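Think of it as A, B, C and D in the order they're written, each chain with its own count starting at 1.
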Amino acid sequence: MARFVLAVAIAIALVFPLVFSGAFYERVAALTLLYAIAASAWNLIGGYAGQVSVGHVVFFGCGAYGAAVAYSEWGLPPIAGLPLGVGAAVLLAALVGVPTLRLSGHYFTMATVALAELIRILVGNVPVLGAAVGLMGPAVPRSVWDLSFTSSLPYYYLFLAVLAGLLLFTWWMERSRMGFYLRAIKGSERAARSLGIPVGRYKLYALMLSAGFTAVAGALYLVMVGFVDPDSGVGILLSVKMLIMAALGGAGTLFGPLIGALILVPLEEISNSLLGGQGSGVTFVVYGGIILLIAVFQPGGILAMVAGWWRKS
Amino acid sequence: MSPILLQVIVGGLLLGAVYALFSSGLTLIWGMMNVVNFAHGDFVMLAMYVAFWTWAIIGGGPLLFTPLAAFALAVLGVVVYFGVVKPVMGGPMLAQMLGTFGLALFLRYSAFWAFTANFRTLPEDMIPGSFVVGGVRFEAAKVVAGIVALLLTIGLHLLLTKTRLGSRMLAVSEDRQAAMLMGIRPDRMQAIAWALAAGATGVAGALIATFFYVSPTVGETLAVIAFVVVSLGGFGSVPGALVAGLLIGVIESLSAFWIGAVYKDVLVYALFLVVLWVRPQGLFGKL
Amino acid sequence: MRKFAMAVTTALVMAGAGQVLAQGTVKIGAIYPLSGNAASAGQSSKAAIEMAVDIVNQDLLDLGDLAMAKGAGLTNMKGAKVEVVFADNQGTPAAGQSQALRLITEEKVAAIVGAYQSGITLTASAVAERYGIPFLTPESVATNLTERGFKWFFRATPITSDLAAAYIDFLKERRAAGKKIDSIAIVNENTEYGSSIAESLRKAFGANGFNVTMEIPYSANTSDVQPQVLQLKDKNPDLVIFVTYTSDAILYAKAMRSLNYRPTMMLADNAGFNDPAFVEQVGNLVEGVINRSAFAPGNPGTIPHRINEMFKAKTGRDLDDPSARAMMGMLVMCDAINRAGGTEPAKIQAALKATDLKVNQILTGYRGVKFDEKGQNILAFTLITQMHDGKYVPVWPAGQASAPVKDYVGWR
Amino acid sequence: MLIEARGVTMRFGGFTAVDAVDLDVAEGRITGLIGPNGAGKSTFFNCLAGDYRPSAGSIRFAGREIAGLTPESHARLGMARTYQVPHTFTDMSVGDNVMVGAFLRHRRTADARRAADAVLERTGLAGQARHRASSLGTAGRKRLEIARALATEPKVLLLDEALAGLTATEIQAAITLVRDIHRSGITIVIVEHIMEVILSLADRVTVFHHGRIISQGTPGEVTGDPKVVEAYLGRSLERQRQRAAEASG
């Protein structure tokens, strides 16, 4: 049954944009997948290992700025900056992980907030990174390698492939020793250590993996949007969004972040399209209200609710 | 010490007292219930609007609008406790973050919708003027806020440590089940805690409105500092929030004056991280 | 594949355009920050653009030669009405881009104006460029916007170097009048707006023999500005320049009063100090502050005064500079569409390139509107204003001044 | 000796909870640590398990110094422990809880699964393997705690009050399980404050009082020791006095 549902979902994902077209909706679909990648990457440390980071946007920023710098400094296609961005993110994760992962619960969360804000301010003062003005990708595509398309479809399939890869990796990890260890760490660090798990090291692995994939999302963001500045690339709101999407769908589950993104991104884009033009703020009253209602009535996330129905039926 | 440097330090202390003032409610909730209230800044914002509209509509001053804001926010706190917090408390920590984040957006943009995005200020003479002592100028509005912060801190601390109500509230926060066996009604205690915390936030917002601007997004500006103050002081420690607030106020002022205003937040965050490195439970927190 | 997609979308746009004409209305998209930190400015711009649409659609005889005022609707298109579709950029480049795409492909707009923040104008206009839809920014000043080699992008506003040039000319006159301007301090917020203006000013001052002795960048939306004011008080430079948004401007005005600091000469670059909310509520604390504005209401009987009255009747507040520029930008776009006589993008593009509005046809202080090959308005210009009794009045250039320059007073 | 503790001391601030304790645990035995509440037996136990780093002294395990090593190193060397209040991974199934332990010796998931299944079978949890661990009651959680520790394939199993809070029938079942584990060749150290249970289970008993060992020997020797009687009796007398004082006050 579960396999059947999955097969249908994959089929829908593949043909959806061909059937249900319209440039704007294709873009919303592509953005949904992009945020699903970021939220699924966050899920590795935040969901599985239970270390709630609200500073993940710095890894996203590594990817976005890596891609932007590849173009602005060396004239390369932005995507060529992907390894740079991912490398920087993984390195940064290793550097900040060692001191912060010792902290428990909310203190870890607050440390990540402080780090992210600190880095945002610093980025705004670094000329190579465009300082406060930001950096842009190629304004007019020079070759196909700039991956600059009018249609959102190429992005949709690119993001779909990356997301599939990430989910496949997560699926494999969930079933491997690492997956069990991370969930044990989330359950009780003390018990995990008594069972021989080197807790600090596994948390660090999870953070580095998570940071690397988040940076991939950041690089893809730059390729699609073509511009990054301190607010859009390292602003705290994006960290919160990753967390919210994962929590809404079900943190620490394979498809939770994707489901969260499937709900929140279209909700945000479409409510903004329908209501944003009034300029009355109603968009966010609706958006915030729906998040609030889901949290109150389904604290475990949407997947928990679905799982509940499943068991009942 | 040059008078201007003294002025910088005094300014930092007064600013720090204000930080402590709007952080005490957050630390209370955080410590008592282990709930991170993302909507805290928006509570402050609503209190500021209560103050502004009380003045704009009926011309009331701080003596009227401060208790009014405290009352309005206390009511809001109880509503939020039963409507949002209680249902999510049983769930994972992420559910609480989700809920209060949704609440934050909802409150912020409800204010936006109702009051527009326009910036508003109370007139300058609400708590009038400033006075000079030893070459240093004291802004009356901030002095009042500072004194209230001190009183509020002492009051809340005494309430928690010296009264029957306080010990019952702490009992609930330590072990809900055991407290129930002792005949304490946890819901009631936690609702009271929310009323107290939100009421304190109401006082803070109303007083801050006398020297700050009011807008729907003002809470965002203040909330990040409140979070740093609370965790630096140690979650749940009201005196910790006071000390951390004063410390951050002075460091911000001195670093802005000496190093440059752009870097003052960098310094505060760096200090915060160093403190956590040395003391993972914050200055006054318990592990 | 790409060509195919392009062809399909172009066909869709064309089909949409035909439909628009048949209904007798022309849709123009407007992207502004209608939520988030810049929402106050965005809402004001929205009201100004709505008023521009009223000016176009109604036959207003009391606005003199103002572009599009005479005759109801687009006179060259059988009086077709203009309809504006607003979109909220939510203060993020990605949302600005999404909304530009929606306006083009879903709403089938003939052209777009916006998007306030330079970074968002950058991403939104990139979509318009791809779809071949004219995009005009009435207010974004970042230099790189017109350096991208775009064919569908136009900018009506003066850019940072124009503003710096105006300040230099004005200050040279003040110096000639015997004012001492040997030391200058620049206090700027550190986002894109503040830092790019500050950099332009620094360069221009250096090249013209003015000495920038202090630079105080600070983080926008700060909770306290007293240390910065104390730094200024300590050094007391001859001229202090503020480049800030509204929230911080309010705090600076209040802090200067509570710390009893009155600079000899104080200049504020637009933005926060120009926000009607600022002028109305704390304007009385900065009497004599010099500002720049492309718009000044002027004396009763003049056209700007009449427009300000209309705006006030609509919104309850005075028309501020960015909103006036938004209004003007919308009129420029409508003028081009009218001259194009249709909504085919290429015709509008050609008409925009041929734009030549004279000083009497515009409501802002520009010397006219005429675009160079990069899309920049080469006649863009700004006035220098000063706070006189709680209101900004133009004091420079002499031809457009309604009062003489006075010394800084602060509060009374 | 499998475990040799010499001069183990544990201080918290100014308070000395364990004072220069020497203790030997012979391979293949069941060693019981008993003593009144606050006697220091649990603190000493946590030193053995690596949860506390002793302030002074040496602990050798199979000839290797382990005092100050991390809990995870203890586990890797073959020391597994349970907690008095079970630290169940409530988000996971019963079987997956045991898997976590099994992964210590089996890297591959399939191998770990096989090892865990064997442990589940042995501990009588096979029927609940697919249930969520949060659905277990106290007895079930304590049993799971033992199963998880067993899955790490230890040489010695340290049980912290594995029987406390259980009903009489549950205690019998637990004793059977411990005996069974012992028969398979695993050395057992068990902390209990219920004397009756330990006396029937242990080969050798060590009695703690005020942070020191006051008596060691077979259950028979220890119960005959007047110092032990005094420690427990004195305690109960004191308690009676307190109750009387409370009643009159």
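FYI, contacts are C-beta pairs under 8 Å (C-beta built on N, C-alpha and C of every residue); 3 or more make two chains touch, one makes a residue touch a chain.
What you see is a predicted model, and the numbers here were worked out from it, not measured in a lab.
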{"item": "Closest chain to global C-alpha mean, per-chain Cα centroids", "value": "A"}
{"item": "A-D compared against A-B, more contacting pairs", "value": "A-B"}
{"item": "Centroid spacing, where centroids are CA-atom means, of subunit C and subunit D in whole angstrom", "value": "75"}
{"item": "Inter-centroid spacing, subunit D versus subunit A (mean Cα positions, whole Å)", "value": "44"}
{"item": "Centre-of-Cα separation between subunit B and subunit A, whole angstrom", "value": "31"}
{"item": "Inter-centroid spacing, subunit C versus subunit B (mean Cα positions, whole Å)", "value": "37"}
{"item": "Per-residue multi-chain contacts in subunit B, two or more chains", "value": "109, 112, 117, 216, 262, 265"}
{"item": "Two or more partner chains touched - positions in subunit D", "value": "none"}
{"item": "Where subunit C touches two or more other chains, by residue", "value": "35, 39, 42-43, 190, 219"}
{"item": "Contact graph of the chains (line, ring, star, complete, other)", "value": "other"}
{"item": "Listing of all chain pairs that touch each other, if any do", "value": "A-B, A-C, A-D, B-C"}
{"item": "Residues of subunit D defined as touching subunit A within the complex", "value": "49, 51, 70-72, 74-76, 80-81, 83, 87-92, 96, 99-101, 103-104, 107, 109, 112, 148-149, 152"}
{"item": "Subunit B - residues contacting subunit C, complex", "value": "4, 7-8, 11-12, 15, 19, 109, 112, 116-121, 124, 130, 137, 139, 211-213, 215-218, 220-222, 225, 252-254, 256-257, 260-262, 264-265"}
{"item": "Residues of subunit A defined as touching subunit D within the complex", "value": "175-177, 180-181, 183-184, 186-188, 190-199, 252"}
{"item": "Subunit B contact footprint on subunit A (complex, rising order)", "value": "46, 52, 99-100, 102-107, 109-111, 113-115, 117-118, 121-122, 124-125, 236, 240, 243-244, 246-248, 251, 280-285, 287-297, 299-301"}
{"item": "Interface residues, subunit C side, partner subunit B - complex", "value": "35-37, 39-40, 42-43, 190, 216-219, 221-228, 230-231, 233-234, 246-247, 250-251, 254, 257-260, 275, 277-278, 281-282, 285"}
